[in-house]
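Next, two complexes with chain A in common: one pairs it with chain B, the other with chain C.
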Partner chain A sequence: MPSFQFMRRKFQTAGMTHAIFLSLPVTLFAVFYVYPIISTFNLSLHSWDGFSPTPKYVGLQNYIVLAHQSRFYHAVLNNISWLVFLLLGPTSLGLLLAALLDRGMKGQSVFRVVFFLPFTIPAVAVAAIWRWMYEPTSGLLTTILQSIGLGSLAQNWLGDPSIVNFALMGSMLWWTTGFAFLVFFAGLRNIPVEYIEAARIEGATPWQVFWKVSFPLLWPSTIVVLGMAAVDAMRLFDIVWAMTNGGPAYASEVLATQMYDTAFGRFEMGRASAISVYLLVIAGLIIMPYIHQLAKRVQEAEAE
Partner chain B sequence: MRNLKWIGVALGVLASASAARADGPKELWHYYAAGSEKAGIEALIAFANKQNPDNQIVGKVIPGNAVEMRRQLQTAFMGNTPPAAYQSSMAFELKTFVDSGKLHDLSETWAKIKGDEIFPEGVQRVVKVGGKPYGIPYDLSLINNIFYSKAIFEKAGLQPPKDYEGLVAVCDKLRAAGVEPLGNAGGPFWSLYNFYAPLVSTVGTEGYYKIASGELGFDTPEFRKALELYRDTMVKCYAKNWSGKTWTQTADDVVNGNTGMFMMGAWAAAYFKQAGFAPVEKFDVFPAPGTEGKAIFQMDAFAVPEGPADTLETAEKFVISAASAEGQSTFAVPKGSLAPNVTVDPSIYDAVGAKFAKQLADASKANAVLPNLFFLLPTKVGTELGVQLEKFAIDPSDTNESELISTLESLRQEAQAEGAYLKW
Partner chain C sequence: MNTAAARRTALPFSILVVAAVIFAAPLVVALLTSLKSPSEITRVIALPNELYFQNYAIAYDRMGRSFLNSIAITVPSVILSLLVGAISGYPLAYMRGAGGRAVYFFLLTGMIVPFQIVQIPLFFLIRSIGLYDSIPGMWLVHTAYSVPFCTFFMRNFFASVPRSMYEAALIDGCTPAGYFWRLLLPASGSGLAALAIIQSRAIWNDLLFAITLTTSDKATPVTATIAGFASSLQVEYGPLMAATLISLLPVMVTYLLFQKAFVRGLLGGAGK
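Take a look at the complex of A and B:
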């Protein structure tokens, strides 16, 4: 039986080692994550143009002003629309494409690259490409619709406030489906063949095999894809800013672009910080219960 | 020990790198990233460096626009590493930095270049804050002209209109000929710039400055009348789907013969030329109705942040070169803009550029040189005016008109209460 002294020394040494190893990530987390959040919250209680030496304390005024602005609520609603879209759109299409390729169709390796390729393009380049695709008179989309006799369906894609968000979502679908596809495809490939075979021997149809065997076993992949989609919806910025700057007339604005415009377009750092705090709270309220629930189900699945 | 030695080496490299940064080249920040404007700034830097061999300056592109520049500058000021000089918009853009004590007073440099003599009065007032100059003008473009395709006008037997009735009549004829009458583009600037013509026509030069100083409200009958004039003339003329296009896409429509006219800043002339659409031969310009004899302009100036003596010396020598007649033409010719310096020989411009130069000179004599209202207003009011105007131009309904007026008027009152307005 080890002596008390030995145990204490061992504990101290192990504790020191853990502390040393932990110190770097904890410091990085505190400096680059916790401190900016606290600092942003502090700034949200001030009026500051970003340059003057002393910000002026205004209490909760920035939060109150935002809470009375229709522009702010419009951006919140847009973020929620994006959340719904990103959870359903690229996820479903990615799953469909992965399931189709998993059936061992011809030219699989080519399609795999084709489906994933858009995801490797930087956001600004995607925006530039789609800005031209959506040109309302002679853009590719309008031209194709006109050439197949569906010219009446052509729209003022990025210039009509009632259309612009759908147009942006279309480009996002093209851009991000590759990620969902890749994760689902890898997930499908990891499912043991015996399970599929057993189901087939039992007389299950391909439809039943997919929904009763493959899909439940894809749960870890689904969590990754849905989790990323939810986070992407909340931090959405680049594609919107690069394609429309949140316009026309705020129609496609989301909270992150509104924050950027308020900070650097209008020199209102305090109000922009309040928007970012609201965004943090909204993202937390929407995403955290969802992540928690999904993580719990993974733990249960693993325990089984 | 071995690891410690490597850490020491790494720290040494970092220290020398930071020392090199401090003694590094003096930078000029700008957002001229491509095309004719990039050629212009590069030519100007080369010219200034040749004139000042002991005070070399290096250009650095900040990708984007004025907003991106502000973001970069803010970070640089926080880190106490601002550039030697940078491209700045005029008026309120300068004032914000001046108020925070970040900019160097250029009074001595201004006296050396005789700024009060070489720049028109309307130009001077938007680079001076509290009577002191903080920017050296170098890149001026008029924004109150309408470009038109000569082939389309000739085919339809049309002449450039002189007034709003004439403009609407031309639009009707162009539409009947299957051509979109007047191009515009999406974003908060272009509809606003178009609106200045009906605004000046309604409230006059004095009223324009009264709006800039916050004395004339957005809920006044005059402003409402200007909105309605804009709605009944220009908005009525706008091409289908204009709001979904960038200004270059609309310029392409003019080049391709789909659109007859386009009210855009003078930079469109450089774009047309690059697209093989020759000035006077293929396109020409006329002042927007109500702005004949006037020059509404957009301008950039060089601002110089406070800094160490040697950096200030380099910056000052650079802006002196940039303000000279030779420096201004070195930039203006490749860029396709106007030199604000009135001593620049007008023969440097092409036929359309010469028209702009004459327009500026005539307006200067008549004291009718008007700076872009966007930059005369407190930043948040100017930005909101642009957004609301775009919304109104897309859908000029009574609801949008009322919303525009109430939103802007409450912002005006808020800015007035904060003492944000300035008499330029």
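Take a look at the complex of A and C:
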């Protein structure tokens, strides 16, 4: 048996090693997260075009101007509709597909691949493909409507301000449902068969089995899917930027695309920084409960 | 299968088939479009009369270079981000007490921060150190912004390795660093493989850093090129679909080949 002294020395070197190892990620984090975030806060109090040598201090003016801008509110509202949509849409469709497939269905592996495949595609590829789907005269959607005699319902899907957001959400549903599907599918697989059997013997219908037995046990998967959806709704950029660039007439703009346009299209760095600070605050408020859940789970895991 | 059971699965099965057709349709249409000549392109549902590979030639002309850039950016970035994730996850999996937990949560906050909050200073930072529009600049940025997720993932993976292995190695005279390099890392193949696939998808598919930090053929990855291609005034859908399919192929093939590791990885990283 090694002496107590020996083990203590070992663990002291362990402390040193740990500190040396951690210095690399902590440095990267400080340089690429902490410093830029502080710098953005600072920049949001200035007016700067990105070229002139000294930014001009303007106090809270950027925040106040934005708070009086309908363009800004419109983007905030869009982010909130995206949040609602991403929490409900891909989550429930993914759950439905996973629940249907979880019955020893024929061709299970084929279905699994087909549902998940879109999730592997880059956002710009999704945007390119769906711009073609939504092409107003000969795109797939219009063509199908015409061929079943509903041609009058065909729209300028991405060009009409009152429709564009729904069109974008349609392509987002196609892109992200696969993730929710996969997480739920694996979650359902992990539920012990005996639970389901026991409920069935008691005379429960498949509907009851799902809502009374399976769904409550899927809670860990649900937290993961909802958390990712909330983060995605705040970060949302690629799909909107690549499909409509926020248009027509800012109708589909979200905070991330408005910020990009303000910074790199109009060179108003201070204003753009204020937009991203607003975005950070909104994201923080929405995602906080999720972080709380994560923290609780890590502490529970350590207590075990 | 008896008839009652067959009847019970008939409805779910038909719903699944309809859903699968809807899910597959955009990719099938994109593939057909990429093989049609300009005169046929408006007949969306029809099969091409003859295979028109000219679209792929045009696509390759416009995006071949950026495809190579994407490979040159993704491969080293994935390797570096895995390495940093492991280096960071190891101490956090073994440290006890408040210090380790504080560092862990500090790093985790990075997973939820919208990147817009760093975008402008990052642009000026990368430009001031001379890495604007360069492939090494993209390595650095992708590695740095992978720290939170890779740390989270590798810490959870290492935490599932029995602690007794660590203690036994120390008693046998192994240093903590030696344990990491010689025992833990070589035994973590499955975790590293899963993380590699997740990271390949994330880095290959990135658009935000690409359009913020690259501008010319020197470093622009394929995602940024396609975005430019798609938003030009007169979109030619034949070549665009060809370019799009080329751009999504590497990650899709990787996923199909390593399906199991990918699924395990997504769930391992997300589920713990």
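The working rule: the second predicted complex is superposed on the first by the 270 of 304 C-alpha atoms of A that agree within 3 Å, B and C clash if a C-alpha of one lies under 4 Å from a C-alpha of the other, contacts with A are read in each partner's own complex, and residues count from 1 in each chain.
Following the convention adopted for this analysis, contacts are C-beta pairs under 8 Å (C-beta built on N, C-alpha and C of every residue); 3 or more make two chains touch, one makes a residue touch a chain.
If you're wondering where the values come from, they're calculated on a predicted model, not measured in any experiment.
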Given the alignment on chain A, is it a clash or a fit between chain B and chain C? clash
Could you tell me if A:Asn245 is touching chain B, chain C, both of them or neither one (first, second, both, neither)? both
Once the structures are superposed on A, label A:Leu45 by its partner contacts, choosing first (chain B), second (chain C), both or neither. neither
Just to be sure I read the superposition right, which of the two partners does A:Leu24 touch: chain B = first, chain C = second, or both, or neither? second
For A:Leu83, select first, second, both or neither according to whether it touches chain B, chain C, the two together, or no partner. neither
Looking at the overlay, does A:Phe111 come into contact with chain B only (first), chain C only (second), both, or neither? second
Just to be sure I read the superposition right, which of the two partners does A:Ala75 touch: chain B = first, chain C = second, or both, or neither? neither
Which superposed partner A:Gly159 touches (first chain B, second chain C, both, neither): first
By the touch definition at the top of the document, which applies to A:Phe264: first (chain B), second (chain C), both, or neither? both
In this superposed model, does chain C or chain B come into contact with more residues of chain A? C
Kindly classify A:Leu101 by the partners it touches after superposition: chain B alone (first), chain C alone (second), both, or neither? second
Name the residues of chain A shared by its contacts with chain B and its contacts with chain C. 50, 131, 135, 137, 245, 263-264
Chain A partner, complex, touching residues on chain C are 8-9, 12-13, 15-16, 19-20, 23-27, 29-30, 33, 41-45, 84, 87-88, 90-92, 94-95, 100-101, 103-125, 141, 143-145, 147-148, 151, 159, 170-171, 175-177, 180, 201, 204-205, 207-208, 212, 222-224, 226-227, 229-231, 235, 237, 240-241, 243-245, 247-248, 251-252, 255-256, 259, 263, 266-267, 270-272
Residue ranges of chain B touching chain A (in the complex, touch as defined): 67-68, 70-71, 74, 77, 96-97, 99-102, 186-188, 240-246, 249, 253, 258, 379-380, 383, 387-388, 390-391, 394-395
Residue set of chain A touching chain B in the complex reads 49-53, 131, 134-137, 156-161, 244-245, 247-250, 261, 263-268
Contact footprint of chain C on chain A as seen in their complex: 2, 7, 10-11, 13-14, 17-22, 24-26, 28-29, 31-33, 35-37, 39-40, 43, 50, 97, 100-101, 103, 105-106, 110-111, 113-118, 120-125, 127-133, 135, 137-140, 143-144, 147, 174, 179, 182-183, 186, 206, 220-221, 224, 228, 231, 234-235, 237-238, 241-242, 245, 255-256, 259-260, 263-264, 269, 272-273, 275-277, 279-280, 283-284, 287, 290-291, 294-295, 298, 301-302
